[in-house]
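In what follows, chain A forms one complex with chain B and a second complex with chain C.
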Partner chain A sequence: MKKIFSFTLALSFFVLLFAFVMTKSIKRDLLFEDYILFRNVILSGWLRTILISLVSILLSLVIGLILYLMQESNSQILYYIAEIHKTLIFSTPLLVIAIVAYYYIGNSFGLKSKFLIGALTLGLYISAYVSDIYKGAIESIHINQWQAAKMFGFNKYQTYRYIIFPQVFKSILPPLAGQFALTVKGSSLLAYLGTTELLNSVNTVMASTLKYPEGFMVVSVGYWIITIPLIIVVRKLEVKVNYKV
Partner chain B sequence: MKKLTILLVILLLAFTVVGCTSENTVSDKVLRVGMELKYPPFETIDTDGNPEGVSVLMAISLADYLDMEVEIIDTAYASLIPALESGNIDIIISSMTINEKRMEVVDFSDPYTTSQLMMLVHKDSKVKSYRDLDDSEVIIASKTGTIGALWAAANAPNAVIKNIDEEASAVLEVAQGNADVFIYDPLSIVNHQKNFPDTTIALLEALPNTQGWGIAMRKGDDDLRKDINEWLKKAKTDGTFDEIRERYLKEKVKEFEESGLDFFF
Partner chain C sequence: MKLTIEKLLKQYNHKSVLNEISVHIEQHQIIAFLGASGSGKSTLLRLIAGLEPFQGGSLSVNDHLLDQNDAKIVEHRKCIGFVFQDHNLFNHLTVMDNLLLVLEKVHKRSRVEAIPEIHSLLKDFDLYEHKDKYPHQLSGGQSQRVSIVRALSIKPELILLDEPTSSLDPILTFEVLSAVKKLAEEEIDFVIVTHEIGFAKSVADYIIFMDEGDIIEHGPNSILDNPQSDKLKNFLEKVLPFNQK
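Up next is the complex of A and B:
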């Protein structure tokens, strides 16, 4: 009961702040009719955002694993390919990567689909972070377990398959869910390529109706519907994992 | 290790070969027209999300004249020229003003409007005319890549120029007093002023040194340019433009008349 009270109080602080900003900065009534009129455009943009994020997170899980394995392999060339890829990604803004990927890299390979290039770019981008999540989780497993596995005659594959992955799987879930929330937000940068995802759809409606503050509200709520549940899931998973360890 | 090295070398060679053979030309059947669908009534969408507006009708009519299919490709304004250069689109019809800087990288058709640039000014700003702009204390907001930004850079080199990607943000800069003026076309300026009647003033005085809007194409596409210019001549006289004006610009023409301005399309 006390918890609910505290939450309500905290929330009302933000509502008050919102009301203050509204009365200070927007001196007219909010008009959402235009956004109802354009609901199909916005809805399809919203679905597109979810789809792009899903495809790119799945891609990043696979590419991230490949990157991790490349860095663990005996080949130095593979190691450096992964290393250079990761350094490029950690050091370049996503917006720049997305625009270059579409207008120059994608173009030189004959790729024209904005959806495909967008998902691929995001997937490659997130994969660098995912590979570090894998790395952190796997390295957190105590060296004794590796040695014990070796003693029992497990080969490298068996060690990963039966000892390492089952433990790693649980501990990477929270950071991965967090990464997914980042992917959803990151996908908004694809608006700059004219991909018809949520932000670009709402931007287009804003431009044609001139109802800007309403548009920013619509777009925020659109992202919240996807990201807030994810954030809650992350919190729950974190608690669960911590109990186990 | 050795196999891998060979594989990499082969991949590198493959890139080089592909790189040498690929070429950008207007494909035979589809005319890909780039525009930013955020500028009604010229480029916008209907409630189902289909492209709509003056430029869309122009694209359809032009493609018809050239005996091609048309594909409208929504492209952010600042990316239109890169997209044209890299071959993602064939031409730009996006209310783009003909300008010398742009002509270094693209070719333009004959102008199809008499263009005008005007200013949205914060009410307390000391800017009362375009003559006040070239001053180190004046802050000019403009949308990145638009003619307003290019105009400011060329004609007010001493002013502080803020280039902002979103039109809405640039307008807010002026409405909240963080910038003195926003330079854009009269149509938008009048609309934005209505949104912030207490804090902004629309200065309905045309800025000098501007040209009309043109259709942009890759440098050296001379045949295409000739065709487009012929189509423009025809469209202006055979009623195509009258029809477009009737369908999308009726209200705007009236607004312009009320403000005492000449219409530009």
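Up next is the complex of A and C:
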């Protein structure tokens, strides 16, 4: 009960702040009719945001694993390809990467689909982070697990398949869910490429109705519906995973 | 078990931890390696297990010369049961699955056939009621006993135990040593690295005493009553007052 009270109190602080900003900066009533009218456009943008994020995160899981394996392999060339890829991504804003990917890289490879380029760009971008999530999780597996596997005659494939990955899987779930929330937010930058995801769909309505404050509210709520449950899942998983050894 | 070691050299970063040691042991069931920390006894055990490469000399177990070639050393390890200092059970698997995984995946045994055998081993070691628990739900002594059962379950040529009680309190130590004694009663060949002089004296039939990478004295367990070298005398003087049986 005390918890609910504290939460309500904390939440009211933000609601009050919001109300203060609204009354000071917008001197009119909020009108959502146009957004209700265009709800199908917005909904399809929202669904596209989910779809593009799902495809990107799945891509990043695979590419991230490949990057991790490249860095663990004995080949220095593979190691440096992965390292340069990661460094470029860590050091460049996603927006710049998205624009370059669409106008230059995609173009030179003959790719036209905005969805495909968007998903690939996001997937490649997140893969650098995912590869580090794999690395951290695999390195956190205690040396004694590797030793026991070696001693009992498991080969490399069996060691990863039956001993390391099942343990890694549990510990990467919370950071991956967090990464997924980042991906969903990151996908908004694809609006700059004209991908008809959530932000761009709402943008279209805002531009034609000039109801900007309402538009930003709609867009925020749209992202919150996806990201807040993810954040809650991360918190719950973190508690659950902290069981072992 | 027969153990022949000729001029065995082991170095870490050009620093010798085993200084070209040689020893020849004919048909003894239980061998104990004694010595202070850093004497090289655990290293020697790991070399016998084929867990680490050595830089010179030769080692043969039961007349099989240890070949450091990757494929052959895996076959060598599969014939040896190993009990680590810190149980090294797979954290994500129950006791039952820990035991089954090795038998199924490495020794290609069928599950149906392996289960009754494991049940009977678990009953022998008073662990049957814990078969569905995860390692983190077991006491240190129970984990170490499961580790002994795991080593035994593969029907090894011999079992190597690396200070199996070093991280346990006296009561749990007693519990684990009783399980090791059971191996002796069942006529399983084993080598144990231990600080428990009393135990070594009553169970082992051959003693190897090491100091700073050299074998100082070896022989039947009576050498503990009548040490010849100053180093062993010194060692026993320091250890025995607290280790009387």
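In the analysis below, the second predicted complex is superposed on the first by the 243 of 245 C-alpha atoms of A that agree within 3 Å, B and C clash if a C-alpha of one lies under 4 Å from a C-alpha of the other, contacts with A are read in each partner's own complex, and residues count from 1 in each chain.
Just so we're on the same page, contacts are C-beta pairs under 8 Å (C-beta built on N, C-alpha and C of every residue); 3 or more make two chains touch, one makes a residue touch a chain.
Everything quoted here is computed from the prediction, not taken from an experiment.
S.K.: Following superposition onto chain A, is the placement of chain B relative to chain C best described as a clash or a fit?
M.R.: Taken together on chain A, chain C would fit alongside chain B, as the superposition shows.
S.K.: On the A-aligned overlay, A:Thr183 touches which partner chain: chain B = first, chain C = second, or both, or neither?
M.R.: neither
S.K.: Of the partners chain B and chain C, which touch A:Gly153 in the superposed model: first, second, both, neither?
M.R.: second
S.K.: On the A-aligned overlay, A:Ser208 touches which partner chain: chain B = first, chain C = second, or both, or neither?
M.R.: first
S.K.: In the overlay, answer first, second, both or neither for which of chain B and chain C A:Leu37 touches.
M.R.: Touch partner of A:Leu37: chain B, not chain C.
S.K.: Does chain A have more residues touched by chain B or by chain C?
M.R.: Looking at chain A, the partner in contact with more of its residues is B.
S.K.: Scan A:Ser60 for contacts with chain B and chain C and give back first, second, both or neither.
M.R.: Neither chain B nor chain C is touched by A:Ser60.
S.K.: For A:Gly110, is the partner it touches chain B (first), chain C (second), both, or none of the two (neither)?
M.R.: In the superposed model, A:Gly110 contacts chain B only, not chain C.
S.K.: Quick one: is A:Ile77 in contact with chain B, with chain C, with both, or with neither? Answer first, second, both or neither.
M.R.: It touches chain B, and chain C stays clear.
S.K.: With the two complexes superposed on chain A, say which partner A:Ser131 touches: chain B (first), chain C (second), both, or neither.
M.R.: Touch partners of A:Ser131: none, neither chain B nor chain C.
S.K.: Check the residue A:Gln167 against both partner chains and state whether it touches chain B (first), chain C (second), both, or neither.
M.R.: After superposition on chain A, A:Gln167 lies in contact with chain C alone.
S.K.: Could you grab the smallest C-alpha gap between chain B and chain C in the overlay, to the nearest Å?
M.R.: 20
S.K.: In the complex of these two chains, what residues of chain A are touching chain C?
M.R.: Its residues touching chain C are 142, 144-145, 147-148, 150-155, 158, 162-163, 166-167, 170, 243-245.
S.K.: Touching chain A in the complex: which residues of chain C?
M.R.: Going through chain C, the ones touching chain A are 49, 51, 74-75, 77-78, 80, 82, 84, 86, 88-92, 101-102, 105-106, 134-136, 150, 154.
S.K.: Provide the residue numbers of chain B that touch chain A in the complex, in ascending order.
M.R.: 1, 4-5, 8, 18-19, 22, 36-40, 44-45, 47-49, 73-76, 79, 82-83, 86-88, 165-168, 176, 191-192, 195, 198
S.K.: For the complex, give me every residue of chain A touching chain B.
M.R.: 25, 27, 37-38, 40-41, 44, 75, 77-78, 99, 102-104, 107-110, 112, 191-194, 196, 200-201, 203-208, 210, 212
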